[in-house]
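In what comes next, subunit A is part of two complexes: it sits with subunit B in the first one and with subunit C in the second one.
Entry: the complex of A and B
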């Protein structure tokens, strides 16, 4: 299993500028993130809002520069690329955004939207070939050729997301970054888009980084799952294993919050100590039911607890097991 | 489509329709000025015919439909060719102010940082001085002449466009579809011209349509103060300046010379009103919430 995206020890810090005087406040959004996206697999990145998922996507796409650490896409380091190298990389890696209303230019028709990547990369310049390609492209995402001449506002959210997917596929990429592509859609439409994504992934042999906050969605689509909390990876494992035997207390909390038919909802264990983490220990310690003294002092590192199953929890490194039942 | 929306909006709203009719009326007068009031001096059609050198204005008559103002300049000729001059001044000044504002605003917003800081402080300097006073100073420095007056008006009008366009670009720049274009591999000029400008320019277009009337009003003020059109020019502000001594008539009839003020004043009033109403209509049409 070779990796097409390698993220190593990635840090991203934003500096909030104070007005005129005083040093700005530094906000660490990503902390020591190490992840790899395997060829032809779907990696789910799960976490609650504001945990740094979207920032990770932006750094991966080269829109934001990392503070330290490296992102390597198919042997090429993103932050160190020249504009020409970056442009080439765009053909390899494409993205679908969360907001189907904000990600399509309202003043362009679908034809113009889908032609743009082709114009930029000078593909299908012949008018006849271009038309044929565009018609096939919209059909591949479940729209019809007559939709090409309409504007985004004439479509529903699900259809707009199909247009976004078509635009991402226009360059025939190997890697797809999907930043919460279904979270803005109705549940019934979510299923359609997820099915479409799964089909496209299979037929086009794509490697996908799929960002979501919804374990039900991740369960459906992902081969591997990484769980993120306050900018850190807490646990990563093959999807089946992580869903069946979650090791990190945070993952367990998240999973128990997923509603299931026939199962009573359990509320999150009461917070032992409220307020944000002190910054010295495990970020989850203030909310963790199993937190000990060591959790508030030391940041746990990711340790391989089972083959392919990595978890960052102090309790595990001390040779204990975090069983769901305990 | 949106073209139909403009037509519909103008027809269904009475004030929009009034504004539209007023502007079209003045436009027709301006276009057909040579037929409505045959040119008297081929070298300078804006030169008003002077019937005699008598001081006191003459009331409207068969020869001079709107009467004559001080020194027997024909008011009808002045108002008709004044409409043409108003369009020339209003449209030219607004066009160049818009262009300069667009350039400054776009550069400031796109490059940000120090460039933004320098350009925006420059606009602040222009903003800090009352615009009429600044226009007067510039016009006085350059010398009284219509062309210089237009330069002065442009110099005070561009900062508001620069600010407006900068703000809109800053907000559009952050939208997802701009990021999306960048992830497709688009570079600066393409993003700016294809995505950012088309989505951020419309508020400035609305302001421009409202501004045409205001520019003409300011131009009239400058002419009234003797800093714009010269005596004898068919300019509404100039006509009002010449009526200054006749605002009050004789002791028996205070309104004896009402036409010297009311006719050019009315023309300015209706012209500015027309553009304001039309600008309001544009604002509503281009507001996406109206859909």
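Entry: the complex of A and C
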């Protein structure tokens, strides 16, 4: 399994200015993130709002520059690339956003929306060839050729997300970054889009970074899952294994909170409300029921606890196990 | 077991005015809510679930209009009340919490000012008494350090904490009915679980009736005694929660339940419902679900199936008992 995206020790700090002329207050959004996206696999990045999932996508896509650390996409470092190299890279790596209402220009027809990336990269310039390509493209995402001449407002949310997917596929990329692509959709439409994503991943041999807050969705689509909390990766493992044997107390908390039909409301696992982080130690310690003194002082490192299963928890490095009480 | 109903909705119709043409968004909704019970109203966006909730408190936007039916609170028709009488109902008898807690609080007033405002508007309390009361309320919804946090502004509270404040405000006057309109949609799952537990606990302790509006079937299954499934402004199926989730009878409910991704299994494909949900207000003859229904027949497109009730389970489908 070769990796097509390698993220190593990535840090990203934003500066939040409280006053117009004041010095910024540094907010570390990503802390020491190391991840790799393997060829032809789907990596799920799961976490709650504000944990840094979307920032990671932005750094990966070259929209934001990392503070330190490296992102290497198919052998090329993103932050060190020239604009021309970035342009080339974007043929290979495309993105789908969460909000299908905000991510399509309302004044462009579907044909224009889908042609724009082709124009930028000077592809399919022959008119007939391009028409044929566009027709095949919309059919691949479950729309029909007559939809090409319509505007985004004429479509429902699910159809718009199909257009966004078609637009991302127009350049025939190898890597797809999907930032919460189904969260804004109605329940009865989510399943359609998830099926579509799975199909195109297979037929086009895509490697996908799939960002979501929904574990059930991640389980359906992902081969590997990484769990993020306050800018750090807490646990990463093959999806099946992570769900069967979650090691990190945070992953366990997250999983037990997912509502499911037939699952009774969990009784309060005496979880403390998120207290102020002391700045040192494990970011989850203020909420963790197993937190010890060492957790508040030292940041745990990711340790391989089973083949392919990495977890950052001090309790594990001390030779204890975090088995779920069954 | 017959418990006296606190709320009866009878054949409620709501239209929205659009270019002189009324668009029906709710078409004949009826249900009875017993004291101390939780009714979940489940539906997708545009199904009419929020509009229905707003109409219970007569808070419909200007374009919306109740065009028929009755809303009876303990036998009294809320639709016939004047503005002054309504003020006695809102908050005191029926209270509501909304989806976006941060946007529902006034950002320039402290949390304490907002809580005491509600208390003092309805009850004769001195400032000091109202403050004491407010502290108790915040403690009741699980906010630590209540005395101090009363003087903080909403921006100093996280989303989950804001929703707790909203719940405290809703409980301030001990209402009989709490309407919760997607109270956890804007929150993270761990916070969602906390808020749901809180609502459930308070509901049991205070013996409140709750109308829980959500698009999330799994959540509905966890909190509700009874579930009502809305689609295209109509009730498709209504049943006690256990029965609805173990034996869904309407093809829409069945399809929706089957299409949910689950933590337990990993199917090759999700059995999705084809097509798109209807546009709100679109006039359709026949069953609103017909264009997407796997069991559709000619009859479904031509006439609207009635809501037929067998025991406590009501279904709007012609073929409910036929293959």
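The criterion applied here is as follows: the second predicted complex is superposed on the first by the 315 of 326 C-alpha atoms of A that agree within 3 Å, B and C clash if a C-alpha of one lies under 4 Å from a C-alpha of the other, contacts with A are read in each partner's own complex, and residues count from 1 in each chain.
Just so we're on the same page, a contact is a pair of C-beta atoms (placed from the backbone, for glycine too) under 8 Å apart; a residue touches a chain by one contact, two chains touch by 3 or more.
For clarity, every value in this text was computed on a predicted model and none was experimentally measured.
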item: Fit or clash - subunit C, subunit B, common subunit A; value: fit
item: Subunit B versus subunit C as contact partner of A:49, first or second or both or neither; value: second
item: Partner chain(s) touched by A:254 [first = subunit B, second = subunit C, both, neither]; value: second
item: Partner chain(s) touched by A:216 [first = subunit B, second = subunit C, both, neither]; value: second
item: First (subunit B), second (subunit C), both or neither touched by A:187; value: second
item: Subunit B versus subunit C as contact partner of A:306, first or second or both or neither; value: neither
item: Subunit B versus subunit C as contact partner of A:27, first or second or both or neither; value: neither
item: Subunit B versus subunit C as contact partner of A:80, first or second or both or neither; value: neither
item: Subunit B versus subunit C as contact partner of A:97, first or second or both or neither; value: first
item: Residue contacts on subunit A - larger count, subunit B or subunit C; value: C
item: Shortest CA-CA distance in Å separating subunit B from subunit C in the superposed model; value: 10
item: Overlap of subunit C and subunit B interfaces on subunit A (superposed complexes); value: none
item: Subunit C contact footprint on subunit A (complex, rising order); value: 48-49, 156, 158-159, 186-192, 194-195, 198, 213-217, 219-220, 240, 243, 253-268, 271, 273-274
item: In the complex with subunit A, residue positions of subunit B that touch it; value: 175-177, 179-187, 190, 194-195, 198-199, 291
item: Interface residues, subunit C side, partner subunit A - complex; value: 44-45, 142, 144, 158, 160-161, 188-190, 192-194, 196-197, 200, 215-219, 221-223, 245, 255-257, 259-264, 266-267, 269-274, 276-277, 279, 292
item: Touching residues (chain side subunit A, partner subunit B) in the complex; value: 61, 63, 83, 86-87, 90-91, 94-95, 97-99, 102-108, 116-117, 120-121, 153, 164, 167, 171
